[in-house]
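Structure in structure tokens, see below.
Read from first to last, the chains carry the letters A, B, C and D; within each, the first residue is number 1.
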Amino acid sequence: MTKRIDFNCDMGESFGMHKLGMDEEVIKYITSANIACGFHSGDPNWMKKTVDLAIANNVEIGAHPSFHDLVGFGRRSINATYSEIKNDVIYQIGAISAFLQNHPLQHVKPHGALYNQALINEDTAKAICDAILYVNPNLILVLLSGSKWAEIAKSMGLKIALEVFADRAVEPDGTLVSRSKKGSVIHDIDTVVERSIKMIKDGKVEAIDGSIIEYEADTICLHGDTPGAVDMAKKLKNEFENQGIKITKLKEIINE
Amino acid sequence: MTKRIDFNCDMGESFGMHKLGMDEEVIKYITSANIACGFHSGDPNWMKKTVDLAIANNVEIGAHPSFHDLVGFGRRSINATYSEIKNDVIYQIGAISAFLQNHPLQHVKPHGALYNQALINEDTAKAICDAILYVNPNLILVLLSGSKWAEIAKSMGLKIALEVFADRAVEPDGTLVSRSKKGSVIHDIDTVVERSIKMIKDGKVEAIDGSIIEYEADTICLHGDTPGAVDMAKKLKNEFENQGIKITKLKEIINE
Amino acid sequence: MTKRIDFNCDMGESFGMHKLGMDEEVIKYITSANIACGFHSGDPNWMKKTVDLAIANNVEIGAHPSFHDLVGFGRRSINATYSEIKNDVIYQIGAISAFLQNHPLQHVKPHGALYNQALINEDTAKAICDAILYVNPNLILVLLSGSKWAEIAKSMGLKIALEVFADRAVEPDGTLVSRSKKGSVIHDIDTVVERSIKMIKDGKVEAIDGSIIEYEADTICLHGDTPGAVDMAKKLKNEFENQGIKITKLKEIINE
Amino acid sequence: MTKRIDFNCDMGESFGMHKLGMDEEVIKYITSANIACGFHSGDPNWMKKTVDLAIANNVEIGAHPSFHDLVGFGRRSINATYSEIKNDVIYQIGAISAFLQNHPLQHVKPHGALYNQALINEDTAKAICDAILYVNPNLILVLLSGSKWAEIAKSMGLKIALEVFADRAVEPDGTLVSRSKKGSVIHDIDTVVERSIKMIKDGKVEAIDGSIIEYEADTICLHGDTPGAVDMAKKLKNEFENQGIKITKLKEIINE
């Protein structure tokens, strides 16, 4: 069977006069766009432009909700309650959905501190899941492979997509190696490619202690804000195709 | 045939710690709630609470979009472009819709300065209409009876509901008498009731110069922020029922 | 020697259309007003009004800076960096100061989550102190009696005022008893008065375990949002005067 | 006598993650920096960085207050009242001032729509002037040469600096030729330089109809967001020095 992988990337993170990222370039290499919803960046005008860009490039669209923190770009945790988080996520999913007209929203991928907090805080994880179930249980939640959050989401009945960061080292328990540790980021491009292929083909990865662990990948997160990022996207795409891995929309992978 | 009228009221205009309005009281007397969407007031938590309140009271829900101006409570015009207005309205309709789950959104009634600007600025009027057509052409747009905006909306193919302010005097051309003119507001409660009944039953009203003009009413705007407002709602409801006028949801009036 | 105490109260926490608190009432009983600076509530118009109110009532003015979080009313911690907190506090002190013209700003009392975070996080405590030293080392920092933060501020050379919450129980180490514990709030008004007098006259309080500990009080925090709060203010004022305790402006207590 | 001119430029218009402008480059060629105060862009962290940059480069600092409109970058008029505008300006002057410590604030130059509205609306013009008089009558207000606003400010007793846009054509009455008219922008660099020199040396300019009118210049507005802008700054500086015109801080020109 042909192996498949989705490429996702954060998009529409410009704000007013402030242009951010190389959306027009990177859109050519991805299959899923996580579009900012106005809480950490993005505004109604950039949301419209970015939705149009995605549709014109046959890229599926996801909501990219965040804590409400423009100055901090959603990278600072806010000590919000369960229902505050749930309602913030519902609001943002609704806002982006209205720009899609009849085009269905494919997925939800929380941004920055909201994503990271869901990895370590069960209440946050559940509140996000609860919001998605509230709005539309068919939406795919993109979350970190090997995380407790993934288990929580599965047990709550959500459709989930396991996300990997191809250049990040992994602990034996499947969590990411903390950035404060040596070796947390893998800089050698060939190693990154090789590890990605192993994840996709075998559902395994070599952890930082040398052990081989289960590690599934439905989607790889690409960055869109540097020329190097675009090169990385091209490289991964080429190597994957050489290996018979097909870059495929998330919804086709998850709903097959 | 039984004559019918809808009662609409702005709701969910609290914000964070700041409670505003007597939503729990006035909800009992209305058929349509215009719920703030976070741009002039309201926040995701109040939106959820207010949607729940409306559904529990069998009251239909509309979006109440505004210019983005929390300090000014949406009462100050912002010199925004056509597409900025359109995108702001799309965003807000989407945000409130997500809280409704499978309950359909009934209508859209712009708030404050956005409503008033649409009465005198054709571009604003069209941008709002365009936004509604973009999101869902079945949504009913609530706008002022006798206004140029009503004509524009009709010509663009929207479903519209003609709104009247029962205590405001009307010019011979159907527009509201400016608040700066003497006699612009009618204070005598019996006159207010009598005029309302004439609008609903005959589709006519006596203008400020004494002439009788065509003046249709699909919905009456009630206020929800004073005890007096609740009394007015009760009074109108009683008198209307005595006259065989049925307080009816907007969607039943417009879609019949 | 006559014993003295300052009464401080949060003020100017209205926002736009949203009126909050009974500032006009409570202003009559206090000596120091902590005025919101627009980050958790307050806006330039309310700041002006509240500064005028304080000056008209011969009440000294302090900045009441907060995390930037209108929806959460500054009651949610934000995981901000040292310099972000420092700059936020500098900004807010500057903003309120401009409304005072030649009237000197007396003090700074951080709001809500920023205050609470400074009690348990040394970096937050230092960042606030650093901001005050940056703007004006003569400003008095109001902070919790018995706290680690008080020690930090003293060691950094700040003028500090020790604040007590008369109705809260105290641990043997001088920190407040957590609200989750039984007995954390003292409801009996006479006990509250008696404890306050002991703090002011003897610099001691009975901790929750019955031991008597050192516990100084320069200022008592009053609430301004309920009729009961106004009664409490009156009661304390009367009882204190009976006991020969003078309600005195903070600057006279600290700078004597 | 040596003729003198100030070079002013908008600075600190980055916001959070969003870097805008080439402040580090353009700072080398200017004498006065108009620093954004958080209402149209800028945030406390960028304000601190930009103040430090200006001081390190011996550039004087001004407040660059705006309508509160982040999405619109302060380029959209808001229909605010006199006291709302006044209080917004007071607030922003205070906020930037706190970052200056003992370094005195030199001037105030309103941004975007607030500046443009003051040119055509007497109330707006007065509200801004009133705010400056309230905070500090020694602050210099930078406004358009030849404008009604300049007359108003002078009659209210403000210190003013007359600003020119070297590449904009001028009507016989001294106002700028509307951008919608042909010839409103002068593209020939030599003509721009020549006109600037005439303004500075003779206090005159050739209007679009060929007539020579009085047109004083205390400061020239430079742009800081394009490489071309930096080249223009260098060119003007060189040519001015060749002509014996000294680039001089505004406060030395106005307060001499």
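Simple rule for what comes next: contacts are C-beta pairs under 8 Å (C-beta built on N, C-alpha and C of every residue); 3 or more make two chains touch, one makes a residue touch a chain.
Quick caveat, the model's predicted, so the values are computed rather than measured.
A.B. asks: Starting from the defined contact criterion, work out which chains touch chain C and chain D both, please.
C.D. replies: A chain counts here if it touches both chain C and chain D, which gives A, B.
A.B. asks: Tell me which has more C-beta contacts between its two chains, A-D or B-D.
C.D. replies: If we tally the C-beta pairs in contact for A-D and B-D, the bigger total goes to A-D.
A.B. asks: Can you check whether chain B and chain C touch via the same residue numbers (shared by over half) or via different ones?
C.D. replies: same
A.B. asks: Averaged over CA atoms, how far is the centre of chain A from the centre of chain B? Could you give it in whole Å?
C.D. replies: 40
A.B. asks: Quick one: report the Å distance separating chain B from chain D, using the average Cα coordinate of each chain.
C.D. replies: 44
A.B. asks: Where does chain C touch two or more other chains at once, residue-wise?
C.D. replies: Expected reply: 44-45, 71-72, 84.
A.B. asks: Mind listing the chain C positions that touch chain D in their complex?
C.D. replies: Within the complex, chain C touches chain D at residues 38, 44-45, 47-48, 83-84, 87-88, 90-99, 101, 134-135.
A.B. asks: Given the complex with chain B, which residues does chain C contribute to the contact?
C.D. replies: Against chain B, chain C makes touches at 14-18, 20, 41, 43-45, 70-73.
A.B. asks: Going by the contact rule at the top, pick out the chain D residues touching chain B in the complex.
C.D. replies: The contact residues of chain D facing chain B are 68-69, 71-72, 76-80, 84, 113.
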